[in-house]
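Labels for the chains are A, B and C, by order of writing; each one numbers its residues from 1.
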Amino acid sequence: MLTRSDRAEIEEVIAIYGHVVDDNAWDRAHLVFTDDFVFDFSEFGRPNLNGVIELQSALRNRKVYSHHSTNIFIQEVDEDTARVRSKFIGFSNEGPPISGDYRDVFVRTPAGWRLSRRRSSVRDPRFD
Amino acid sequence: MLTRSDRAEIEEVIAIYGHVVDDNAWDRAHLVFTDDFVFDFSEFGRPNLNGVIELQSALRNRKVYSHHSTNIFIQEVDEDTARVRSKFIGFSNEGPPISGDYRDVFVRTPAGWRLSRRRSSVRDPRFD
Amino acid sequence: MLTRSDRAEIEEVIAIYGHVVDDNAWDRAHLVFTDDFVFDFSEFGRPNLNGVIELQSALRNRKVYSHHSTNIFIQEVDEDTARVRSKFIGFSNEGPPISGDYRDVFVRTPAGWRLSRRRSSVRDPRFD
């Protein structure tokens, strides 16, 4: 069973994600992502991003310049895998802040828990 | 005395609240609320909501479509009761995001810590 | 090494900070700040604030009326000192919400972990 320590580590990785992405601190990406990380963009009808290099490249012209994570809810899949729901607030240079959801898969690696897969969706009240 | 584990559980319930309410995932309401849950709306001069069914019904036409919780501060009342202050950010389809406060009572149940009473207030800079 | 309990305490102090500052609950300032607390405003080209009294006075005419903390990342310096990065969302009565970063120093005191130094910076997409 996931311990409180496992859960705190996962929460910490989610926190660091925001700093790495918003600060372009890609030298710290190893603290967050697995080597085979996939950013699942199927929700947006765009191809997935595979690995940190593709993520970094895709974010170069991003409009959302700050990412805040809240409401982290961790569910154990097995001893080394967890599904994690969280919410995010994104600050965009093209309008007011947005609210969205992350659906993550975390895996236990020798270096600690790392983000293996992230799916992002934006809440749009017009389509609710 | 509340253990770190008690506190982490309470934080988790606050996180799940946002997902249940925003996703209309009422089949998960038992993870969040006690059976005798009261949403105290006295601050808004409206009658309280009693139980999840009344809450669900009241939220049907809500304008705030996403709720983010932050700044959770847990204070022990006794071994089985805690008062919890937190802040929330609400995304509304009628204007910019709002900032507010939750004042909660949590109780320890056989199933874990659950939200027994919530009072919500919105910060309005005009009245500060 | 910092324990999970140390980390949870530091997170709690960051949470309480928002309540103290936004509620003007200065009678609880001792739960947050060391006696020799410094708010480092060098980023804004303004003199530092020294101690809670100066902070309280400086905040009297503040425009940001609500502070939400997220993305807390704690790094141990030594057994009694930690550097902490976090993000904040500020609600201002002069425009839309802002996103910023706190760079903190926490120290272990006989009463628990307390905030010894905070540097704040606001993310402005125009200057990124």
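Criterion: contacts are C-beta pairs under 8 Å (C-beta built on N, C-alpha and C of every residue); 3 or more make two chains touch, one makes a residue touch a chain.
Only a predicted model underlies this, so the values are computations on that prediction, with no experimental measurement involved.
Q: Chains as vertices, touching pairs as edges: which of line, ring, star, complete or other describes this one?
A: Topology of the interface graph: complete, with all chain pairs in contact.
Q: Examine where the copies chain B and chain C touch and state whether the two sides share over half of their residue numbers (same) or under half (different).
A: The interface is built from different residue numbers on each side, given that under half of them are used by both copies.
Q: So if I superpose chain A on chain B by CA, what angle comes out, to the nearest 5°?
A: Between chain A and chain B, the superposition angle is 120 degrees.
Q: Distance from the CA centroid of chain B to that of chain C, rounded to the nearest Å?
A: Centre separation, chain B to chain C: 25 Å.
Q: In chain C, which residues are in touch with two or more of the other chains?
A: 4, 8, 68, 70, 89, 96-97
Q: Can you tell me which positions in chain B touch chain A when the two form their complex?
A: 4-5, 8, 12, 14-16, 18-19, 22, 65-66, 68-70, 89, 91-93, 96-97
Q: In their shared complex, at which residues does chain B touch chain C?
A: So the residues of chain B in touch with chain C come to 4, 7-8, 68, 70-74, 85-87, 89, 96-97, 99, 123, 125-126, 128.
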